[in-house]
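In the two complexes below, subunit A is the common chain; its partner is subunit B in one and subunit C in the other.
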Partner chain A sequence: MDLQAVLAKNPNAAYRIYDGKATVVLPDQAEVDVLNEVGSAVWDRIDGARTLAQILDSVVEEFEVDRDHALSDMLEFVAVLREHRMVR
Partner chain B sequence: MANAYQEMVQSNWNRAVPMSALLELTFVCNHACSFCYNCPTGQREMSTAEVVDALRKMAEFNILYLTLTGGEPLVRKDFFEIARAARELGFALRIYTNGFLVDEAMAERIKQVANPLEVEISIHGARPDTHEKLTCVPGSLQRVLDAARHLHARGVKVTLKCPITRDNQEEVLDMYRLAEDLGVIIIFDPVITPRDDGDKDPLGLMASDAFLARYWTDEAYAAARREKVPLKRCDGEGEAVCGTGRSSFAIDPYGNIYPCVQWRRKVANIKEIKSLREIWHTSPVLIEVRRTAVEIAQQVLKTTEAGAFCNFCAGVADLQMGDAKALYPQVMKNAAFRMQAYEAWKAKTGESAEDDGGVLSKCSM
Partner chain C sequence: MPSLSQRGAAFDPEGSLPPSRLDFHPGDDYFTHPGEPFGEAALGLAIGPLGMRLEGLSGSQAAALRERFRPFVTDLPAAYVTIALRNAGVEGFLRLASAGGGPEVYRLESRASGRRLVLWSYEFAGWLDAGAGKALLALARPEGPLFDRGLENFLRVLTASFILEQGGFLLHASGVVRRGKAYVFFGPSGSGKTTVTHFSPGDTVLSDDLTLIVKRGEGTYEAAGIPFGLAHHRTPETSGSFPIASLNRLVQSPVVRREPLGRARALGEIAASLPFVMQETRQAARAIEIVGRALDGIPAHRLHFRKDDAFWGVVEEA
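Moving on, here comes the complex of A and B:
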């Protein structure tokens, strides 16, 4: 996946973060998903402006985690978000 | 992911972190239903700017699910301005309407602007004369059915809601079939409540005992009641009877905040506070309401066998009996019929509904 890609949240998604975890509601799919803390951090930063590389840097800084490990987690999450049509 | 969601909802419930709110946009309505619970006071309803400010405060308070209701919310000329603002603030919307104004164009706007999780529409009979006897508006049943059809065709989830009365009790199965034909859900409520000003006249419309016995035991009604057998409550230690003032709250068209739509004990006015955080954990009303809701589940409902089958509403008890912990007659009557049906089923099959994981869900508005 291209780390220079810029993703935007599905504008139909409604979401809030409770206890560090994002609850994302997709009315079109009648679906509710709860993301874990790293996934929520990625989700929160997807804004149609930042690249995935910038999001990765930000997550690494906040969670003080190994970059390779964070990259692997982030790509896995982005794949899930795409599969669930939560991002574009 | 469903388990993660359930865990998160339970965690929020335990910590009294509300996820949902109900906003009555207006008490104006284009119907004149004889048992409508709304009691307008003549105060000025919130302006568009005031409603949007209330939405902003709810969004800042992390409310995710927002129900827009009335009166009839779609009579407000600024409804779509409000709905657009709500979506921009990140709410997942539900709309509760009588459907009368939802033609194809309106259904399209609802889909495009509000994109709601669900639209709930009231229905009071399967035959025009039955429905319209209650709404006092000719042609209103056809409008309900058309609204459901238009919304469903656009991929909007539609739920029809029907309070069962003496007048429509014999049409329950026909209403269920109408919903099935439309491809939408229908939910029946056999317990009638008083008006918000305490007027008990609507209680005279409660379905007959003979019907309630049949409703809870007859296999023909199983799909309509959405419970194969009546489910039992399963309140854990220290749990509240419902989510009043805990998982949700309600705001009326004047901006008054209540623990829930049924329990209209004023907490504050949304126009007069800077943030809902100011009041949520310190309001004496909310503290008392939460404590009472726990006492009802842990003590009051355990004083009677039928309590385990009771969809108890503290707001109705307070309004009708002057005591939020009083076992009001219509809910206990319904609970008794539920218990009888459960016991008969258990004696016949030797099974127990809770063994299958089926327990009565709590009201969270």
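Moving on, here comes the complex of A and C:
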């Protein structure tokens, strides 16, 4: 996946973040998902403006994790988000 | 990433309308000239903080409903919502998918029309307007199981929508009152909601299916039953509401224990157990906002229980 890609949340998704974890509801798919803290940080930053590279940099800085490891996790996570049609 | 999905329950078509190949999806024009009222009788209901006034009933309908909803029947004060009942003037709306008579998932269609939420199923069609406190319900039958089911299904959806306006929510849960406190047990079908009520002799059962979570003040919530349990669920023994001790997500297990649910996890679990209000984005967003606030004041747990009354020892510990 191109790190210069810009993703946007599915406009039909309703979500709230409590204690750093996002609960995401997709009404048209009758699905509720709870994201872990890093996943929630990625989700929160997906705004239709930031590139994946910018989101990666921000997450690496906030969670002080290895960049290569974070990249692998983020790409896997974003693939799941796309599969669930949570992002476009 | 765990996924919690709401799924429809299998629908027993017994007593349903005759199979047909064509659904009738009522447009706005159908509701412009609704059918005639069944009669001139009215009935008042108090469901937690919701006052309902059912109008357009025949005398026999009103008498039957007065008996069936007895603990919730009230005089007719200024109602929060007025529901006008009408004869649908058609045989039905949605039809059974197959003529084979096998079970199918109960179908309930909905769409937004301005401020209104329009609903229709096999034996009813109607709309509700939470802002105006008004609703209209057209029923295909004047009496019998199809009248009862259409009315109660519509009122369940109406209750779920209108309670959000009051800062509360309707939960797919059983509710049991023990020593003045309400314990709420929730989870998908088959998780044990009805089972826990069977192991609560001497306690007051609010519901074994749908429990109303009522906001009484800032950070203060109570649980109440609703009388629209259809034929296969218990009618609540009381219309009262009771302070909530805890919300418990049921998980069947040989070892009885409970663990606190983090707020995000609790919100996810509860959101997956909110009937009727998660199909539309704005309403879903409002619902999870309200549940999130409620979780500030109500402890939530995952309750591992087996089919005996040992869970009470764990639940009442706190």
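In this text, the second predicted complex is superposed on the first by the 88 of 88 C-alpha atoms of A that agree within 3 Å, B and C clash if a C-alpha of one lies under 4 Å from a C-alpha of the other, contacts with A are read in each partner's own complex, and residues count from 1 in each chain.
Note that a residue touches a chain if its C-beta (ideal position, glycine included) is under 8 Å from a C-beta of that chain, and two chains touch if they have at least 3 such contacts.
These numbers come from a predicted model, not from an experiment.
*Asks:* Which touches a greater number of subunit A residues, subunit B or subunit C?
*Replies:* C
*Asks:* Which partner chains sit in contact with A:Ala30 here, subunit B, subunit C, both or neither? Use first/second/both/neither.
*Replies:* In the superposed model, A:Ala30 contacts both subunit B and subunit C.
*Asks:* Examine A:Leu7 and indicate which partner it touches, taking first as subunit B and second as subunit C; both and neither are also allowed.
*Replies:* It touches nothing on subunit B or subunit C.
*Asks:* So in the superposed three-chain picture, is A:Tyr18 touching just subunit B, just subunit C, both, or none of them (first/second/both/neither)?
*Replies:* Touch partners of A:Tyr18: subunit B and subunit C.
*Asks:* I'd like to know which partner A:Val42 touches here: subunit B for first, subunit C for second, both or neither.
*Replies:* neither
*Asks:* Please identify the positions on subunit A that touch both subunit B and subunit C, taking each partner from its own complex.
*Replies:* On subunit A, the overlap between the subunit B and subunit C contacts is residues 12, 14-19, 21, 23, 25, 27-28, 30, 32-34, 36.
*Asks:* In the complex of these two chains, what residues of subunit B are touching subunit A?
*Replies:* Interface residues on subunit B, with respect to subunit A: 1, 4-5, 7-8, 11-12, 17, 19, 62-65, 87, 90-93, 115-117, 155, 157.
*Asks:* Going by the contact rule set out above, which residues of subunit A touch subunit C in the complex?
*Replies:* Answer in residue numbers: 11-23, 25, 27-28, 30-36, 39-40, 77, 80, 84.
*Asks:* Per the contact definition, I'd like the list of subunit C residues that touch subunit A in the complex.
*Replies:* 1-7, 262-265, 267-268, 271-272, 278-282, 284-285, 288-289, 292, 295
*Asks:* Which positions of subunit A touch subunit B when the two form their complex?
*Replies:* Listed in rising order, the residues are 12, 14-19, 21, 23, 25, 27-28, 30, 32-34, 36.
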